[in-house]
Structures are given as C-alpha cells and as structure tokens.
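One chain, subunit A, appears in both complexes that follow, with subunit B as partner in the first and subunit C in the second.
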Partner chain A sequence: MAVDRPRRPAPVGARGGLVLAILIAFAWAVWQLELDFAALFPSGARLTILGDFFLGALTPDVSSLALSEMLRAVWNTVVFATAAMTLALLMGIVLGFLSSTAWWSEDGAAKGNTCVTCLRCTICPAVYVFARLFIALFRSIHELFWAVLFLVAMGVNPFSGVLAIAIPYGCTLAKIFSEMVDEAPRESATALRAAGASAMQVYCFGLVPRALPDITAYAFYRFECTLRSAAILGFFGFETLGYFIKGAFQDTDYGQTWTFLYALLALVIAADWWSGAFRRSFAQ
Partner chain B sequence: MVIESGEMVAFVGPSGAGKTSALRLLNGTIRPTTGVVRVNGEELSDLNSKSIKALRSKIGFVHQEHSLVPNLRVSQNVLAGRLGRTSFWRSLRTMIRPPRADLERVHELLDRVGIAEKLFERTDRLSGGQRQRVAIARALYQEGTALLVDEPVSSLDPARSRDTIDLLTSLARERGLTLVASMHDLSLAREFFPRLIGLRDGVVHFDRLAAEIVDTEFGSLYQLDSEEMWGDGC
Partner chain C sequence: MNAREKRVAALWEKRPRNTFLERSLLAMGALILVVFLTSGFELGLSAKRLANFDRFLVDITPFPLQGKPFDFGVAWDWMVDLLQRGGFEAAISTLSISVVAIVLAMGLALLFTLPAARNFANPEPFVPGPNPPTAIELYPWRALVLATRSILILLRAIPEYVWAFLLLSVVGLNAWTAILALALHNAGILGRLTSELVENVDTETPSALRGLGANRRQITVFSLVPQSFTRLLLYFFYRWETCVREATVLGMLGIASLGFLIDDARVAIRYDEMFFLILVGGAIVVAGDLVSVVARRIARHA
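Our next item is the complex of A and B:
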C-alpha cells in the first residue's frame, strides 16, 4: 500500500508570523512616540557636553579625596544591597513556600481523614492564592516607587531605602523560588513518597535540594541587581554610589563621575565573578 | 494472585504489560481501578494516609531510574529511606547532621552492597551501577519486610546485571525479605527467581514455578501483534 508523503510545512509558519507581528508593533510604537532618530546625533552645545562626558572616561579623578569618597560610596552601596538582599531572601523563602503547591499537593492513592482533606482542599489552596496575589501585587510596584513612598513616610532613613528594595525583590524571589521547586524533577520526590515520607519531607528533601542550584544562581543574579538598585537609590539622597554620581554630574565634574561609574562597574563584575565561583563550587 | 511472606517473585512480560503498575499497586502508590490489593490482610484502599505511609515505610522500592536526589551525598540519600518513620524535625536534623549510629548503619549497608567508600560522595558523581546500589541501600535502610524492584538491570551490562540480581536475591534470603521484581531479562529471571508471573496487557498470562515454564509459554507471552509492534510500548 502506498504511503502518503508527509506535507511539507508552509514556508512562513507561525514563527514567521510572530516575527512580522513584532516588526509591525515596533514600527507602530515608533510612529506613536514620534521618535526622531536625528536626536541620536546631537550637535552644538549638546555635542560638547557629550564629548566632555566621554572624555571624562579617559581621565577619571584618582585624587585621594575622590578615591576615599568612592570607597565610602562603594561600602554604603554594598551595605545597603546586603541588608536589602537578606530581607528579600527571608521574604522569598517564606512567601516562596506559601506560594508553592508541592508541599500540599495531593498524594492520589492515600485516603486522608476529614481534617487532612479539609486542609488540602480548602485552606492550602486559599493560602496559595492569597500568597500569589500578594507577591504579584507587591512585585508589580517598582523599587523606585516604593522608595518615594517610604521617603514620604520615613524620610531619608536607611531603613526606608532597604525596605524599598527588599519588598519588590522579596516578592520576585518568592515567585521564582516557588516555581523552581514546583517544576523540579519529580522522580526523587515520588521515591520518597513511596518510602512513606510526608508531603513536607518530600518538599524539603526531595524537591528543594533539586531546585537549590538554580535557586542559588538566581539569588546571586538578584544580588547583582540589588547592587545596581542600591546605587540608583542614591539619586533620592541615600549616600550610595548614585548620590555621588549625581553630585559629580551636576558639578559637571565628569572625571569624578567616571570614578564612581567605574566603581559601580567593578562592583557588578565582582558580584558576577563571585556568583560564578559559587555556582561552580555547587556543581562539584 | 497471592505472594507469601519471604517469597521471591519476578514479573515478566513485554513493555507496557503492567509490570511497574503491578509493583506500584503493591505499595499503595496507585489504587486499583477494579479488584482489591491486600497487604498483611489489610485492604490498601481502606487505609487512611497515615496508615498507608506506615505501610510504605516498611516496603522498600528500588525504582528503575533509581530516583535519588543527585546533588545530595550518598549518605543523605540512604538516610532518606527512613523518612517515613521519623518526624519532620527529627528528619531535618538527621539529614543535616546525622547521628553517629545512623551513619554507621548506612556505612554497613553501603559496605554490604559494595560501595562503602562512597559514603560521603555526591550522588551525581557515581556511575549508573553505583547509583543503583545506593537505591538498594536506601530501600534496605527502611528495614522493612519487603523489597519491590522495578527493572533492576535495564541499564546495566550483562556482567553487572547478573551481579545485581545475585545481590538482590542474596539480600532477600539473608534478611528474610519478600522480593518482587519486574524483569525484562528472561534468562536471569528464570535463573534467580523460583516463581515467575507472566503479564501481558495487564492480565496474568501465567503464574508458575520458573522450572515448570516451557519456552513456548514465553514465546506466546512476548508474541507481538502488528499494533503492539509499531506502538511505543508505553
């Protein structure tokens, strides 16, 4: 019996359509925003300022005063980021656990008593939905907006800066942690359940360890982001790198501006190197 | 079908016959759609979650893919065998800092399965055969009364396959365990298991002493019709 030849796929399939849709959306956005590409090529006074700014990159201020200020700014940024990240990690772990389904998901073959069934069918899903809504709401508000809110409420107080970063970051960590654990490979968890382990034991010893390398890598990446956010909070008056960058820029001292920008770059590279080293040690 | 305490039985049959499902029915991981499963006289469908956990903690299960946590140490994977008998907080302590007596017991078991030196090794650094031995040690550490083993030799070379089945049957004999295994390798099943149960399409094709089964019975067990031949065997 002759077998029909499989149909050749269309030359422009769904993917081609998607690329076309993205290009149309871009063109539409450019038209809506009335983007003037000529602005990319400044002239006159703007060109002079731009030239001076980039010239500053070649001649950063390395005077002892600038360097001591830079060290102070770097130290403050690291302290801010560390405090914010610690708080965010705590929030991420607690909310991540509450917004995960793996620790209460049904063991199909076991018949629970009324209390267990009630917990699994009503209370646990309710906690899950509430935690998910909570982290979605608090994550959707940017740290700069939180900073404005806390500045109004508490003034320029280190705690307001730390909270401004910790809240959205903690909720993002919670979302990612819970999804990483819920999506971790299940076969070892199934084996532990087959050996009589409880749902909590399965969660802690079968699922979390499998997700831990990814969770750690992601936490390190977020620490890098925290360093940048802590630096940016300086624009609001906290004495981190942003505070000094803003000051030097307003004084048109571009050499000093670049001293701080290089410090920020070095900080992010150092965090990246540290996270890489940690991940490598985890993989061994 | 009745399996007596201390008996050694192998399920044989083609892919998709229901061998793994049969094993999973025996420790209550899945429920039967029809019929009943009784273990020590207790009907599994009637057990509440606490009793079923207690039952599972007494039945060791060695999974086909070993199902170990790859980034934990060998000792921790073996210690996890007893989670069903310990409270959450105690198990947390044991997994982080195991008491000396527990660690010694784990070491003894690893020695018995031939990989004592791997006690503190990360599990994902072991070979496939060594991981299987860790899975066997974990099942033994449960100190239960039965051992269920799913396709123990599917990923091993012939020499290691024989070694593994030899190890499993001798362990079952020396500890008086009921051993039920699903097997693809007929010759090993016939050599090491006194009783074979042939399954096909979820139905018992034969249930006899290995010595009494003639080759034609195996032939008809594995005879594929054209639909099965081209199916994916799942």
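Our next item is the complex of A and C:
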C-alpha cells in the first residue's frame, strides 16, 4: 500500500510571492520618485520649527479667547459631520437597497405571474448594475475633490461642504449596507420563503433585521470618519477645526495650533471610544 | 387579555435590552435634530444655485468642445494631450507615493506590535508562572504597553492631511511630506490592528513553545509570525487602498502628485482640465482597489 508522503510546501508560496511583489514595487517606487534620503533629516531653520512645534505641545494656548474659539471649531466640526452623516445615511439606505440583489432575486424559484417575472429578469438586474456602477464611481472620488468641485460650482457655503462629505460616504455606506444584507444569515429568510412570503417581504423581515446590528455599528464607525473629514474641510475655508489649525500654524503660533490639535485628538478619541463601545455592546 | 396575549406581553417584557445601545441611538437622534434645527443649512436647490450649476456644467466640458456639438475625436486628443502634459506622470507618482508610504507604515507598525499586545508584553507571556508576578516585575511592562498604545493613538488620531500640512514646513515641498504623512497615520492604524492580531492569536502553539522554555524571540519567530502572516497581508492591502485614495488629494498642498495638477487647474480657472484630472484620480483609486482585491484573494487562499 502506497503511503502518502507529507507534501513538501513550495519554496516560495503565494504569500511569499506577494511579499516579493511588494518589495519590487517598493524599490521601483523609490527609484521612480527619485527620493533623496538626506531630505528626511531637517536642518537649520526647519530644525528650529520642529523644536518650537514640539515646545508648543507642552505649552498649549489656554487663554479664554483660544478656548472659546476651540469650542466653536469643535461644535462646527460636529455640526458638519452630523449633517453630512445624516445625508449619507439617507443616500446609503436608498442606494444600498437598489444595489442589493436580495429583494428581487428568487434563487431560481420564481413564482407568480409572467409580468412580474419579466420585470424581475430585466429591469431589476439593470437597476442593480446601474446602481453598482454609480456608487463605485462616486465613491472613488475623494471627499476633498468633491469639496473642490462644489466650491467651484457653488462657492464656500456649508451646503457644499456637507454635500462633499455626504456623497462619497453615502456611496460607501450603500456598498457596505447592500453587501451586509446580501450576506446576512439566511435561516429566517428561508423559513419566510417556505411560508409563502414574497422576495420583498423576505428582504424586509428576513434579511434586513439580521443585518441591522452590523449596519448600525458600521454607520457609527463611519461617523467617526466623517468627524475627521469635517475637520479637514476647514483647510478649504469652512470654519471647522482644520481652518483654525491652518490659521494658527501659519501665524507660527504653535501653542494655539496645539490647542486645536488637542481638541481634534479629543474629538477623534471620544468618537473612537463611542463607536468601539457600540460595537462591543453588540458583541455581548 | 387572553392567556396567549399575556404570554406575548410577558415575553416582550423579558426581551433582552441593551441600555447603552438605546441611549447611543437616542443621543445620535438628538444630535441630528439639534444640528438641523440650529444651524439653518439651506439644503434646497434655489434658482441661483441651479443657474450656477448650469454654468459649471459648461465650464467642465473640454475647452475645444464648449458650445460645439460633441466630437469624440477632439475629446480624445484633448484627453491624451492632458495626460501627456503631466497627468500620466502625476498618476504614476501618486501610486509610487502610496506604495512607499504603506511599506514604511507597516515597518513602523511592526515595531509597535509586540509591546502593544497585552498578552505578549507582560512578565509571563502565554503561560502563567507558578507565582503571580511582583509589582516590580509587572509595572514596567504595563508602562510599556501604555506608552506604545498612546503613541499609536496619537499617530492615528491625526488625519493624513493634517500630518502633511504640519510636515510641510519641516520636511519641505517634496514627496517625503506625503509619504511620511501617510506612513505616520497608517502606522497608527496598522499598529493597533496587528497588536490585536497578537492578542487574539490562537494560544495553543505559543503556550506550548513557552512551556518548552522558548523565549519571546523564539515564540515570535516560530508561532506569532507564521500564525498571523496571512492576516498581516490582508491588512496591508486593505490599508494600501486607502493610501492610494489619500495620496491623490495630498498633492493639493503642493506636493507633486495628482492633487497638485488639480489645484493648479483650479487656480488657473481651467475647470475642464480640473474635472478630467479628478476623474483620473477616481480611475487610480478603482485600479488600486482591483489590485488589492486580487492580492487579498491570493493571500486568503494561500
């Protein structure tokens, strides 16, 4: 009887190949960018700036003026992020529904009259493909590019900033929502279908409730990201944290820069804690 | 109320509840309400806005085609010309910046991985000793974990764009600014993800090695690295995707990448070129996503 010999692993497996590819890409990129490693070590005036900047970390500006500005900046950031997240959530729900397959595909067990079947075979897949392409295209454009576009089209008003964040975030939410629903556990869906529910009923009562915890947790995580994006929008003239960081740093007032940086840190860490606690409370 | 309804009501009373969750959702709802009631956002589309938008649609059509019927040949020549005048080069350097940045980020993150993992950075990793550790043995490790975790939080809490802005006056106007900005932020994220990998590692092998008298270095080389290598690669490519996305915009600070050309076109009021280059940015992001999806599939099935 032939004994199976333990198979010897390939000398360079797929993972090794990936690492090799990464290293080659890295070497090529360094060559392509003509990186000058000497520039990594600041000297002269730049070293002074670095020193002053870190001194600023120890002596943040805590005058009442700076603190009241800081509070205003934080509130503006929260307002932008919340408004953008609300719009993004609406977009995500609508587009996520359109770009999911579960509410129309019957897993080959289509019942009902021919007219509905016909719709299901033509219109619904077309809507699905169109929605998928739409969210892929709009998601791939960075929110700051959207901001630039809306600034050019509509000028600096809060609406352009909110929309700039809401569009790419809404499309990301749509992608994740639809995938979460399509990949939700199917037991209750199968039971509902066996009891004679339509695909839409199965979607609403069998699949969405199963995916809802994941969806809510993900939405909370994205809220944390909107806060960061809203802060950065300040660099483009909206009065969020970025606006004040830019202003104070360009005035070489490093103490005040750190006041706003600490505010940003606190905001992000608080949001991180909140969304983390939210996810953990689901895991229980 | 009949017996059945009573039973249903009793079940409803006993349903599992999560007060933290309910309060969080309530707080979120209240926040949304306050924001929309106090800030007075004009979310409607006024006539002026629509007019502005119409003008904008004309501005972003390729210049040789403005006010003329669409001609694909002319549009194609215009596109090729734009790409040859720096668009293509900027796209390549954007990708290069993202690759260098993510490799540096992973290298930096791996320095923090082990000291940030609570189950590894303690007096007796994986197998508890016969006696509980004394305070003198315990607290230096606790301090190490706290210090590395604080550094990681600081690194990831500051967004790439802010890092790049701050680094601009220290490193100067070159690719390093973008690379370091991406690397620092992503090192914070990857450091946390990889230390969680170590904390959630299947403890059979490391415990067995420790029981045989292996030291920390041996446990790392023969158990932790082989066990979490696939996940490491998955995280690497997942973060690379976002690096590509962020690298396209960092140019707007003046660093030679796609964003620089886009900002340049905006300042020169050539909105048609600006719009086209933004689409090129989107194409790079999609290309990066595709490469990453393929690479992650290879890693997962290796």
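Note that in this section the second predicted complex is superposed on the first by the 272 of 284 C-alpha atoms of A that agree within 3 Å, B and C clash if a C-alpha of one lies under 4 Å from a C-alpha of the other, contacts with A are read in each partner's own complex, and residues count from 1 in each chain.
Assume contacts are C-beta pairs under 8 Å (C-beta built on N, C-alpha and C of every residue); 3 or more make two chains touch, one makes a residue touch a chain.
Fair warning: this is a prediction, and the values are worked out from it, not measured in the lab.
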{"item": "Partner chain(s) touched by A:A270 [first = subunit B, second = subunit C, both, neither]", "value": "neither"}
{"item": "Which superposed partner A:G196 touches (first subunit B, second subunit C, both, neither)", "value": "first"}
{"item": "Which of subunit B and subunit C A:E187 touches, first, second, both or neither", "value": "first"}
{"item": "Partner chain in contact with A:V79 - subunit B first, subunit C second, else both or neither", "value": "second"}
{"item": "Which of subunit B and subunit C A:V127 touches, first, second, both or neither", "value": "neither"}
{"item": "Which of subunit B and subunit C A:D36 touches, first, second, both or neither", "value": "second"}
{"item": "Larger contact residue set on subunit A - subunit B or subunit C", "value": "C"}
{"item": "Partner chain in contact with A:F205 - subunit B first, subunit C second, else both or neither", "value": "first"}
{"item": "Residues of subunit A contacting subunit B in one complex and subunit C in the other", "value": "282, 284"}
{"item": "List of subunit B residues in touch with subunit A within their complex", "value": "24, 27-31, 44-50, 52-58, 60-61, 63, 65, 67-72, 76, 80-85, 88, 91-92, 95, 122, 135, 138-139, 142"}
{"item": "Touch list for subunit C against partner subunit A, complex", "value": "18, 20-21, 24-25, 28, 31-32, 35-36, 38-39, 41-43, 49, 52-53, 56, 59, 92-93, 95-97, 99-100, 103, 153-154, 157-159, 161-162, 165-166, 169-172, 174-176, 179, 229-230, 233, 236, 245-246, 248-249, 252, 259, 262-263, 266, 271, 274-275, 278-279, 281-283, 285-286, 289, 295, 298-299, 301-302"}
{"item": "In the complex with subunit B, residue positions of subunit A that touch it", "value": "107-113, 116, 187-188, 190-198, 200-201, 204-206, 209-210, 212-213, 282, 284"}
{"item": "List of subunit A residues in touch with subunit C within their complex", "value": "13-15, 17-19, 21-22, 25-26, 28-30, 32-33, 35-36, 39-40, 42, 46, 49-50, 53, 78-79, 82-83, 86, 136-137, 140-142, 144-145, 148-149, 152-155, 157-159, 162, 216, 220, 223, 228-229, 231-232, 235, 242, 245-246, 249, 261, 264-265, 268-269, 272, 274, 277-278, 281-282, 284"}
